[in-house]
Structures are given as C-alpha cells and as structure tokens.
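Shared chain: chain A. Partners: chain B in the first complex, chain C in the second.
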Partner chain A sequence: MAIGYYLVVSALLFSIGLVGVLLRRNAIVLFMCIELMLNSVNLTLAAAARLWGGPDGQVFVFFVIVVAAAEVVVGLALIVNLYFRRGTLDVDVPQLLRW
Partner chain B sequence: MILLAAEASGVANEVVTTTSGVIGLAWLIPVLPLLGFVAVLATTKALGDRAANLALAASAATFALSIAVAVTVITDLATYVRPMPTWIDVGGFTVTFDLLVDQLTAVMLLVVTGVGFLVHVYSVGYMHGDSRYPRFFAYLNLFLASMLILVLGQNLLVLFLGWELVGLSSYLLIGFWFEKREYAAAAKKAFITNRIGDVAFMIAMFLTFATVGTLDILGVVENAEAIASGTAFVLVLLFLGGATAKSAQIPLYVWLPDAMAGPTPVSALIHAATMVTAGVYLLVRLSPVLVQSVPGMEVIAYIGVFTALLAAIIAVRQDDIKKVLAYSTVSQLGFMVLAVGVGAFRESIFHLVTHAFFKGLLFLAAGSVMHAMANRADIWQMGGLRKAMPITFWTALTGWLAISGVPPFAGFFSKDQILTEAYFHGYGFIWITGLIAAILTAFYMSRWFFLIFLGTPRYGDEVHPHESPRSMTIPLIALAVLSTVGGVLLNPVHTGPLYRFLEPTVGPIDDLGYEPYGPLEESVLIPLAIVAAAIGIGLAYLLYLRRPIMGARTSEPIRGPLAELAERRFFVDEAYEAVFVTAGGGLARAMVWFDTRVIDGLVNGAGGGSVLLGRGSRRAQSGLVRRYVAVMVLGVLALLAVLIAQVV
Partner chain C sequence: MLLLAQAAEAGAGNTSEIVLFWVFAVLALGSGIAVITMRNIVHGALMLVLNFLAIAGLYLTLESAFLSIIQVLVYAGAIMVLFLFVIMLLGVDNDDLLSSEPTTRVLAVAGGALLAGALVFAFVGPYTSPASVCEADAPTATGDEVACTGLAAAYGEDDPSGVAFLGRSMFTRYTYAFELSALLLTVATIGAVILARRRDLAPEDEDEAGVLADARSAVEAEALTVAGSTVAEPARGTAQPVGEPGRHHAEAGDRAPEGDEPPAEPDGPGTDEREG
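Now for the complex of A and B:
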C-alpha cells in the first residue's frame, strides 16, 4: 500500500484548511477550516498506523476526535457570544486584546 | 614653683607601666569632664541653669587630679604608661587607649585643666543670662575631655581622636550663637580649614605605620633613628601640615581670626591657651622624629617666623578688641613653631605655657571690657576705662607687659629664650625677623592697651562701663599672677628648672651641628630684646597716647597704602576665596554637570531605550487572530526550511 496518496490527500486537506483560516473572516468558516486541518492530521495518523501496523496512531486519532469535540463546544459558545455582543461574525472586528 | 623642686637627671626616662597609685587614676582626667558633658546635657531639663554646676565641678575635679598626677611625675621622674582597654586589634595592628604620662604631659595637663578651670569660673559670670547657659558649659567640658585625650594618648590614633574632638568642640563653641549667620559661617570655616590639616596628619600616620610599624608614640620615638632622612623629611612636612591647621600657621591660619565669633571665654580657652597649641604639642612630642630631618625642621622654622611676622603686621591695623588678640595669637603661635623649627623644643613649650597665661588673661580681660561696654568691640569706641574697671585694668596691664616682653613678666623670658636659641643655632635671618615681630608685638599690644584703658573716653553717654562680677575678676587675678611670676618661677634662666625638667621628653639636638650665628652672647641678646620691647611700646605711646589729636578720634588716624594692606589682612581671605572657593565651586559645578548629564544620562538612556523598544515591539500585538496565525505559519515554515536545509 502506498502511503504517499494518503499523505498527498492529507496535505491538500491541511493546506485548504490553512488557506481558509488565513483568508476567510467569517468565524464559522474559520472554525470549519480548523476542523478540516485537524482531520487532515487524523488521516495522516491513521495512515501511518496502518503502515507501521501499530495501534498508537489510531488511539491518538480518537484522542484528537474527543478533544476536537470539546473544542467545538467552547468554540461555538464563543462564536455565539461574539454574535450576541457584536452582532457580527467577522473575526477582524473584535480587536480589544491589542496594544 | 613646684617645678623648682624637680631635678632633671639629664638622661632618658625609665618607662614605668603601672595601674596603681595616682597614675592608675589618670584615666579619670579625660573621663570626668566627659561625664560632666553628658550629665549637664541630661539634667538641663530638670535643673535648668544649675546643671552648669556639674560641669564646673567636673573641671575642678579634673584640675585637682591633674595636679596630683603632675606632682607624682615631678617627685618620681619617669615615663608612666597606664594600660587601658584595646580599641582596635586587627592582624598586627593594635591600638590601645593606653595613657602616656611624662614631664611634657604633666606640663600640658596643668595648663589645660588649670586655664580650663579658670575659664569655667569666668564663664559663670560672662555667660550669665544666656539662653543656652548650661549647654555652653557642657561644650566646655566636652572640649576639656577632648583636649585631655589628645594630651594623654599614648597612641597617635588616640591623639588623633582627641585632635578631631577638639575640632568638633571648637566648631560647636565658635558657632555657639549660631543664630547669626556669619558666626555659623565662621564655625564652618574653622572646621573645614582644620580638615585640610587632618588629611595631612592622617597621611603622616599612614607613613609612620608603614615606616616604623607602630603608631605607639613611645614605639615611634624609640625607632625614630631608623627612619631614613628622606622619609623623615616627608613625615615632618606632613605632621607640620597637621600643625599648620590646628595651630593656625601659614597657609591655614585664616580660620583663627574668624573663630573670634565664639563667646570670649572660648576664645581664651580654645583659641588662645590650649587647642591651638595642640599642633605645637604634637611637633614637640614627635621631636625625636623631627631631629632626623634638619631640612624639615628648617621648613617649620620659616613657616613659623613668617607667620609670626605676617600676623603681627596685620594685628597692628585691627580695630576689633578680639581681632587684635586673635592675630596676636597667630603671631605668638608662629614664635612657638619657629622655636620647634630651630630645635628649641623646650623653649617652645615654655612659651606655650606663658602664652596660655598671658593670652588667656588678655582674652578674659577683653571679655570683661566687652561685658562692661554692652558688647562693643571697636577699640576706637573705648578709652579711659582705667577708672571704671580697676581690676580689669591692672590685670590687663600685666598681660600687656607680659606679651610685650617686658622683664620680669612671663612673656619676656619665653620669647627671649626662643630668639636667643634661634641665634645660637645659627638662624640669623629668623632671629632678626623674630626680633622685628617682637617689636611689632609690643607696638600693637600697646596700641590695644592704650586705646582701651588710657586716654580720654571716646564712648558716648549711653554706655556705663562698670567692673565685672567676682566670678570674672578672680580668674583674671589668678592669670595675672601667673603672667607676672610664671616666667621667673618656671625658667628664669635659659637652662632653668622647666628646661631641665623637660629634657628627657624631647629629641636630642646636640649632634645636629648647630653653630652660633654670630659672636654675641646672651648678655647682649637679652638687652637687645628689651630694647625691642621698649621701641614698640615707645612708638605706640608717641602715636596713640601722647598726641593730643587722639582725644576725640574714633578711627585710626594713620593712613597709607601699607596700613591699608594690613587692615585688609593682605587680601589673603579674598585670595583664598578666589582660588579655592571659586575654583572649588567651579569644580563642583563641573562635577554636577557630569553627574546630571553623563551619569544620569546613561541611566536615563537605558530606561528611555527600553521604552522606545517596547513602544516599537508592542505593535506586533495587533489583536487580529488571523495575523497571529499567519505569523505562526511563517515561523513554522521557517523552522521547517532550516530543518530541511540541515538534513540536506
């Protein structure tokens, strides 16, 4: 089995996610792009686990999924609050934490 | 008189270490007045003016004890060392508070405590009614304690302790009426001028320790002959530096005339009789070191004789009753210093003693006059006080005759012996100059005396001169007696009782190669000195007493450029002001500039630089999440690039 395909797909997914985080301003889209990047990493881990024939990578993927679920809870709560307080989902608008 | 009984052996003293007998109690001599100082300050609140009696009692007790110690030394000639606790003990360097009691100490003890006690008594009357009356006595006691530490110390460092403490008490007493700005300034001037000499003294001690390995006076004296002549020369000059400040010699005499700002008893005790002689005492005490360097002693002699002459010239044109005496003191101290310089150590101490008598007397008489004249000090506003103040007049008369060098008063013997000794030791120039200074001394003291006590009164009806109270006249009488008979009893001929008594304590001068300056014998030199005194008194009589124009004059009638120069004190103060005060001020300003601009600039620059750095770098904190991500990605990419480059 050629691991190269998995890695290429994974790299593509990661890059799409990264470009999305960098270029888009909508908080929901930003959030989804982050999920995309996480999942590209998961794909890499699963592929590598298969390659080496060990369980470590797959166990790690489960961890990532669990943490990502928790992160979604916090992240979506933040986004909802942002919308309630500022009436926008544009991440460039809140700039309180700056010089 | 008691000294007459003493038969000096002519050989070196035997050193006796003892803690028993009268010598064992010698430590009480400085401690009693010190306790008096503390007690007066502590009880002033409770007792008020009566607290001063404690100081009076302390001075009397220490005087009595000093007599007992002196009698012990006279009856049993020896150098006594009274062991005391250790002060400093570091490595090979030990300083103890040991007391040194020998013939020289005995003489100094009697002078210091004797005149000190009389001045205490005098102050009861003079300072009566002053708002800080008890404090004055406390300070007087502090001074006595300091001076006695200075005289008794067996170690140069202990001597220096007393040296500094007399400077402190002098400062406190000159500025006793500190409400007047100029008085406070005079106190500061005295203190700062003395600091200059102190530095020389300290360096001298360092050099002594480096050369001899001890600061014990006995140890230094014992090893004096081992000091190389070059080192000895430097040492002598450094000790002289200390003495020029304390004993008011050129170039550091300027503080003494200003020190007259203090109450008159202080001028008598500290700035005439005792403290200012500390420099002379130091030089005589170290005379075994001095004789190692004849060139160094010659420097001392010339400093002394020029001081004697310069101060005498200035004194001729002073109109303040105390300023005349102040310059006279500088001049007489010049005589003592010149005596040390020409190898006449014992004559110097003799003059120190008689000077303490007659100059203390003259100052106290001046205080009595000022007391009677409602604190006026201008001698041109006086005159004819003979009738109003008979006791002051007669006592001042003896003081005047004594300082003028009229036989058989005390000053005649001491001054004459200094001058003949200078002649016999080959210093012709110093002898002649000293003789001129002696003529001037007789002249200005006669002027002082005539203008105050004789002639017709020149003061207005608003002043009612009266004789001073008994507490003031009794010390006057005591000192007048001493000024009259002191010379005859102590040392009527050159090799008299005091001369032989002091022999074991001073450096040997026999092998210094002194040759007489000329063929004259004492039988010619002594009449010459009397003629000098007569010339001075006669001139003053012609100029200030006989001339009828004097009657109504209230200012100096004789004018001229030289007189003007003397009146303005040769502009020495102004020159010092220009050179040291102005230059020192300039240096200080340059230092301030360097400190505030360069040093502070560096410190402030470091702070300012950090602020600027922070101001620039905080721009990175933009608050834009996406920019942080972008920067992070760039960073990761850079790291990756580095890693890959390393692998490849």
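Now for the complex of A and C:
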C-alpha cells in the first residue's frame, strides 16, 4: 500500500473534522470534532514515520496523545463550568465566551 | 485481534495490508462523517469511539503496534469515557444542534471540500506512486516520487513490534519532552480540579443556609399560631444560633430557596465580579 493513501485518508478526516467544527453548535460536539482533527494529524505522523523509517514520527504521536489527554481534561472541565454558569452549550448564544 | 496482528506482521505491501487498509479507511471515514451528522450527541460519541478504533487498526497496518495499543487504551478507553461521562452529567438535549443559517452550512462544507481537495492534490502523485509502497521490491523513485523506507529494517530482528525502538528514542533524545509532559499532566490535573470546583456557594454555607431556613420557617409558623407581632419578635430572637447577627440570619433565610441552583441565572456571581 503506497503511503500516500494513508495521507489522503488523514486529509479527508481532517477536513471532516473542520466541517464539523464549522457546522455544529454544541460545544461538546465541537470538542469531539477537534479530537477527530487531532487524530488525523496523528495518522499523518505515523505514516511519515513509516515513510522515512525513523522513530521521530511515532514519538511525536505519543506526545500528541499525552497533550490531548491533558487538553480533554481541562476542556471538559471548562465546558462543565460554562454549562453551570450559562445553562446552555450552544456556542452561537451571544457572550457565551465572555465572562 | 490476533489475526490483525499476524496480518500486520506478515509484511508490508501484501494483499492483507491492502484489505485491512481499505476496511479501516472506510470505517474511519464513515464514522467520521457520522460524528458530525448525528443529532444525538451520545451516538456521535460512540461513532467517535469507532473512529478511534479504526485509526488504531490503521496504525497496525502502518507497523506501529505500540501506537495502536496506546490509541485503544488512551483514546477509546480514557478520553471517550470522559466525554461520555460529561455528556451524561450535563444531560444534553439533542434538538437543533446544526448551525442555524443555511449560508453558514454551505460555506462550511465548501471550505472543508476546498481544504480536502488541496491536500489530496498535494498527496496524490509523489506519494501514491509504486515507489511509495513500503516493500523490499518496490521500484526506485524517479522524478518527484518519494520512496518508502519502511520500519522493518529499523526495528531489527529481535524487536518486531518496535516498542524497544520507540523507547530508546523516547528516553534518550526526547527525555526533556518526556519530563515536560509529566509536568503538563500534573498542571492539567490541578487545573481541572480548580475549574470543576464550584466557588459560588461552599457546601458548609449551603448547610448553614438550610438549617437557618428551617429554623426561620419554624419560627414563622410559631409566630402565625400566636398571631401577634410583639410575641413573634422575641421568639425569632430565641431561635437564632448563638453569635449569629440577625441581619445574616435574615439574608440566609431569604437566599435559601434558590441556593440549590445558583448558576442557572444568567447574571451569576462571575458577572458581578467582572463589572465590580
């Protein structure tokens, strides 16, 4: 399997995540779409590691997963806080991100 | 799973890799589209789990077994459980979640298609030639084609999964980044604890308010039965806890009924803090 097919799949996944971020209004769904984009980048890095035969891409994927775990913890805490303050998760509601 | 591992071990560029790639690629893309189109958020989260598992399968076909395990454990296991936890905690309703304006939808889809087209245009060609197939007898790259090196030679004979290969690099060249990631996880844990705590009403205050409200209602009931203001005033004084000022008592009693759900009102304490 040529390595380009993996890159094409990850490019399509990234675009799907981007469309989701632009299309949906729920903050949790937005966050899930960001995870989708993050995973597609991980797939690109793993494919690049195989393409060049080195460890760096896989190490990067490992660190991206660590950072994503930390990001999800903080982001979900923020979302819960926002929901308790505003009573909604709709990001189109005016002043949702203002204190 | 064993079959998948054997198929991934069997070598690059063979039929099993092609079959597994197409299965997992279609699964990943289909579940990705389902994530952004499902109206029910719980269904979307489950589709995201499926997407993560499909990407773990793609890692297997990319000779990255360790990443595949980590993907299943951390993403499909921990992160998605956290997501589902929050969704269930907030009890989110599932109506009218798409963006409201039609122009926004059209522009979003058009922008995504444009990005996908540009990326695919960049990848197809140099990276999809026969030279980019990761096997030993691939033709040599000509022109702008990129030849695939593959990981089998780097892993060596005694490390077919590549874990030792990855660990050697992670603990020698990337030691500093590894230590920093430990620091990052600590900071994230502390930040989540601080963010998740509710500052607007501490639990002991809530208890105090509840007790005072009970005391006050008892006093008022007593005052109603007596039906005389001159009798009610001393009765209220006797019901007060020792050392509590009367003003605080009245305030706590007034505030007690809405003390259970203070964040529901839009002008919460945070707004007052910012403006004050």
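Methods note: the second predicted complex is superposed on the first by the 93 of 99 C-alpha atoms of A that agree within 3 Å, B and C clash if a C-alpha of one lies under 4 Å from a C-alpha of the other, contacts with A are read in each partner's own complex, and residues count from 1 in each chain.
Basically, a contact is a pair of C-beta atoms (placed from the backbone, for glycine too) under 8 Å apart; a residue touches a chain by one contact, two chains touch by 3 or more.
As the structure is a prediction and not an experimental result, all values here were calculated from the model.
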Partner chain in contact with A:2 - chain B first, chain C second, else both or neither
second
For A:53, select first, second, both or neither according to whether it touches chain B, chain C, the two together, or no partner.
second
Touch test for A:73: chain B only (first), chain C only (second), both, or neither?
second
Chain C versus chain B, contacts on chain A by residue
C
Of all the chain A residues, which ones make contact with chain B and with chain C?
18, 22, 25, 92, 99
Listed in rising order, chain A residues that touch chain C in their complex are 1-9, 11-20, 22-26, 28-29, 31-33, 35-36, 39, 42-43, 46-47, 49-56, 58-59, 61-63, 65-74, 76-81, 83-87, 89, 92, 99
Which of the residues in chain C come into contact with chain A in the complex?
12-13, 17-18, 21, 25, 28-29, 32-33, 35-36, 41, 44-45, 48, 51-52, 55, 58-59, 61-64, 66-67, 70-71, 74-75, 78-79, 82-83, 86-87, 89-90, 92, 97-100, 104-105, 107-109, 111-113, 115-116, 119-120, 123-130, 132-134, 146, 148-151, 153-154, 162, 165-166, 168-170, 174, 177, 181, 184-185, 187-189, 191-192, 195-196, 198, 263-264, 266, 268, 270-271, 274
Contacting residues of chain B [partner chain A, same complex]
618-619, 621-626, 629-630, 633
Chain A residues touching chain B in their complex are 18, 21-22, 25, 30, 91-92, 94-99
